[in-house]
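Below are two complexes that have subunit A in common, paired first with subunit B and then with subunit C.
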Partner chain A sequence: MNIYICVGSSCHLKGSYNIINLMKEALEKNSLSDKVNVSAAFCLGRCTDGVTIKVDDEIITGVSPDNFNDIFDKYVLKGNL
Partner chain B sequence: MNNLWTDTGYVSINKNGEQLCGDKVEIIGTADDCLTLVLADGLGSGVKANILSTLTSKILCTMIDAGMSIEDCVDTIVKTLPVCQVRKVAYSTFTIIHIEHNDTARIIQFDNPNVIFLRDGKSVDYPIVSRMIGDKTVLESTVSLQLDDTFIAMSDGAIYAGVGKTLNFGWQRENIVDFSEAIFDWSMSAKTISTMIVDECNSLYEGEPGDDTTIACVKIKKRNPVNLMIGPPSDPKDVNMMMNLFFSKEGAKIVCGGTTSTLAAQFLGKPVNTSIDYCDPEIPPIAYVEGIDLVTEGVITISRVVEYAKAYLSSNDISAPWANRKDGAAQIAQMLFEKATDINFFVGKAINPAHQNPNLPINFGIKIRLIQELAECLEKMGKHIKVSYF
Partner chain C sequence: MNGRIFDTRVQWLKYKVLKEVAKHAYADTLQDAYREIPKAIIPDGAKATMRCCIYKERAVLGERVHSALGGDPENPNVIQVLDIACDECPVSGYTVGPDCRGCIAHRCEEVCPRGAITVEGQHAQIDHSKCVGCGKCASVCPYNAISKHTRPCENACKVNAIHMNEEKKAEIDNGKCISCGSCVYMCPFGAIVDRSFIVDVIKLLRASKNNRNYKVYAVVAPSVSSQFNYAKLGQVISGLKTLGFYNVIEAALGADMVSLSESRELAERGFLTSSCCPAFVDYIKKNFPAMTDKISSNLSPMGAVGKFVKATDPEAKVVFIGPCTAKKMEFQLPEVSPYVDGVLTFEELHALFEACEIDLTALEEDVLDNASYYGRIFARSGGLSDAVAQAFREQDIKDFEAKPVVCNGIEECKLALLKASRNLLPGNFIEGMACINGCIGGAGCLTHGPKDKNEVDEYGRLALEKTIESAAGITFGVSPEKE
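After this line comes the complex of A and B, so read on.
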């Protein structure tokens, strides 16, 4: 599985840095670090609703530390099962 | 015009407790043909010294640049400088370095420590002719220049560094020669050399300089163009034209901005590999595209570069926080401040609707203003700047 986290200007200002760290932690906690590739991406084209991430081909917008766990469960864990 | 470039840089630190520096460096004509640099050190310290050195450097620089003789210059200074009420003299030492066509240097010195001349990184003696003008002994030299030739001028604060503190006799000229040879590296800018020497003086003084201390450096470099593109063109039809012009330019290429780098990568037919490493949590990570030397985010990165540029231009800054960092802004600063001599900006005027959100500090006007500010700063560093809008 490939996950891209947008680090373009808008998403950066909305907290990409935190989302990257949360993502790395969450993958580690679930022992998925070697099964999932996390990369940064330059502008996924959804600047108005950042932070934007892409899980394989699916784009998810509006990711924040508040909803991170739900999104992680819904898209990453479920996708992995 | 030959392929050479005269790079200049200087740094001063004030005598402990003084708000004004009694040393002054003046530079005129950071262009192709002629360049004049004057370092003056006024008698005493504080306000008086500052006035003496400011007058001396300004008068000398203007007159020498206009091609007037050194006799006339000295005569003007003697008749102009205000006489100190306490000491009953009007006095300021000076060093003049005048470069013509980047191939000949004329050095005129009066009572400052002698200029250090480095060729291929080693100190070399140069012929000095001594001449009396009025009651003053002035030293004159002419040197034919080669690539990487470096002149280091200093005020006497440098050679007194550490007297009575860390050293018995101060940091003498031969010690400064050894130090300059040891740090010399062809890629270093004149400003970096000055900064490193002044920094060493400051630590010998244990952070409390006993005198105003100034190093001014002139270095002959090879011209090195760098091209920086930021923002897509306002009309999407112009993307190919803009990319064609940009990639046909000689020299290193920097692309700033997410959309812009995506377009550039499409033009080159290469993928964008974005790094996930936040070297600095405030600056978005850089990316890699084959064929582009540096790919960064846009406005946030550039606004940090502008901050670095302003600090770099202040003559008292010896920190240069960007010099050793790896984030995008620091890497741009290294390329533009240290290496580049001619910089071409390709600025696209497309408006990113997402950036017009009033809650975001990155709207369109800010981008254009940042580039203008950066261009002004780089011009003050003596670089040739061309800004094209698309």
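After this line comes the complex of A and C, so read on.
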């Protein structure tokens, strides 16, 4: 599985660097670090919708520390099963 | 001419040509550029204001068009002389002016070590076949009647790369030139130019078909904070996206990557010279070849961020936009060319905005934030050393003490390199910047002013990330080192 986290200026200012850290922690906690490849992307083209990430080909917008766990469960854990 | 946009009328003239060339490039009419642009700028019936007649003015403009289209492909240097534009300034050296009163003391005659001065008819005369240009006569004359006349280009060139040929035209020795652009900025007739890649960049943008075929990223130098005084930085970012760039990224992020890596390398190797300024690196290679192995093995911030962008998007095209003419040489180096596809100066970017009729002041403000305070202050002299010191603290490197020597301008660089080559330098890291004040003094800047440094520092303080590691953390281990 490939996860891209937008690090463009707009997402950065909305907190994307925190999401990267949360993602790394969550993957480690679930022992998925080897199976999931996390990388940065400059702009996923959805600058106005909050922090944007892409899980394989699916774009998810408005990611925040509050909804991170739900998004991780829905897109990463389920997608991994 | 708007005095706020440029420092000089030479820059304005260059801009007029770049703008017209860009318009022709967009209209697919470049074949008409040589014929039409000189006439569009100097129309029939105009009066000559710069040269002897409008035909000479148009001929020079034709040469400027040539340079804007990419210049002489046979000449590997991006800094080139426009022969017919060189006004053959007098090269008289020290001369006695009308203020000489033919005094009785004759201090000038007494002090001259070569016996080059005689006083005849109550007026001092200098025999130029004997004069060695030491300047002692000028310093002792109580009337300040003796002055030095050197060509502005020769005076600007601190690496002695410019001399006069038999026709008294300026000639550049490519074996010495470091492409810093100092002569380009200083020549009062605009006879030395930095050849442009503006047409290549326009082609790159157009062939991307609105970033569908591939994405074009603009990497912007932090000195942008002291430029485009007529608009807000956020509007410049919007303008770049309006031009068709997919995204705009700070070169300062590359600076963050470099400062972490360079500080580790310094601790490991014990002595290092910086690799950020391509003119400084070129200077070492040409003048201190024995010290070439002391140059940091890191790419410049431009190269580092280009490498990172291409790691995230292998199809990406990267255009660097900054104050620097030497970057136009650097991006062609084999170790850099995989990561950077084009280079524009701020002057050229301004021309591109105007050619596309983009009024920055009417645009919404976009955001630019990829780097830390320390990455951003690379734009001014001393910034790199501050960043390396901070990188030592952040990485908890304790068994080695960094002693940076900040060299502001190529003359200070020369002095430090001379001392270092004899093991006399009180320091172990040379921060070398060829331009005075650092990148904010670059020849490709629109304006140069005393507030530029403050503007860079202020821009640095606005960065969201407060540490180098937090900013560079997103690069997922992409190494800024050369491969």
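Criterion: the second predicted complex is superposed on the first by the 81 of 81 C-alpha atoms of A that agree within 3 Å, B and C clash if a C-alpha of one lies under 4 Å from a C-alpha of the other, contacts with A are read in each partner's own complex, and residues count from 1 in each chain.
Convention: a contact is a pair of C-beta atoms (placed from the backbone, for glycine too) under 8 Å apart; a residue touches a chain by one contact, two chains touch by 3 or more.
Since this is a predicted model, take the numbers as computed values, not measurements.
Student: Using the overlay on subunit A, decide if subunit B and subunit C clash or can fit next to each other.
Tutor: They clash: once the shared chain is superposed, the two partners overlap in space.
Student: Have a look at where A:40 lands relative to subunit B and subunit C in the superposition and call it first, second, both or neither.
Tutor: Once the two structures are laid over each other on A, A:40 reaches both partners.
Student: Can A:69 be said to touch subunit B (first), subunit C (second), both, or neither?
Tutor: So A:69 meets neither subunit B nor subunit C here.
Student: Just checking: does A:2 make contact with subunit B only, subunit C only, both, or neither of them? Give me first, second, both or neither.
Tutor: A:2: touches no partner chain.
Student: Given the touch rule stated above, what does A:48 touch, subunit B (first), subunit C (second), both, or neither?
Tutor: first
Student: Which touches a greater number of subunit A residues, subunit B or subunit C?
Tutor: Result: the larger residue contact count on subunit A belongs to B.
Student: Is A:20 contacted by the first partner subunit B, the second partner subunit C, both or neither?
Tutor: A:20 sits against subunit B and subunit C alike.
Student: Give one of first, second, both or neither to describe whether A:10 is in contact with subunit B, with subunit C, with both, or with none.
Tutor: A:10: touches subunit B and subunit C.
Student: Give the stretch of subunit B that clashes with subunit C in the superposition, choosing among 56-64, 182-190 or 200-208.
Tutor: Once both complexes are placed on chain A, subunit B clashes with subunit C in 182-190.
Student: Which residues form the common part of the subunit A surface touched by subunit B and by subunit C?
Tutor: Residues 7-10, 12-13, 17, 20, 38-43, which sit in both footprints.
Student: If you look only at subunit B, which of its residues touch subunit A in the complex?
Tutor: Subunit B residues touching subunit A: 257-259, 261-262, 272-276, 278, 281, 284-285, 287, 295, 297-300, 352-355, 357, 360-362.
Student: Which residues of subunit C touch subunit A once you look at their complex with the stated criterion?
Tutor: Its residues touching subunit A are 217, 237, 246-249, 308-309, 311-313, 366-370, 464-465, 470, 473-476.
Student: Would you mind writing out the residues of subunit A in touch with subunit B in their complex?
Tutor: 5-10, 12-13, 16-17, 20, 38-43, 47-48
Student: State the interface residues of subunit A toward subunit C in the complex, per the touch definition above.
Tutor: 4, 7-10, 12-13, 17, 20, 38-43
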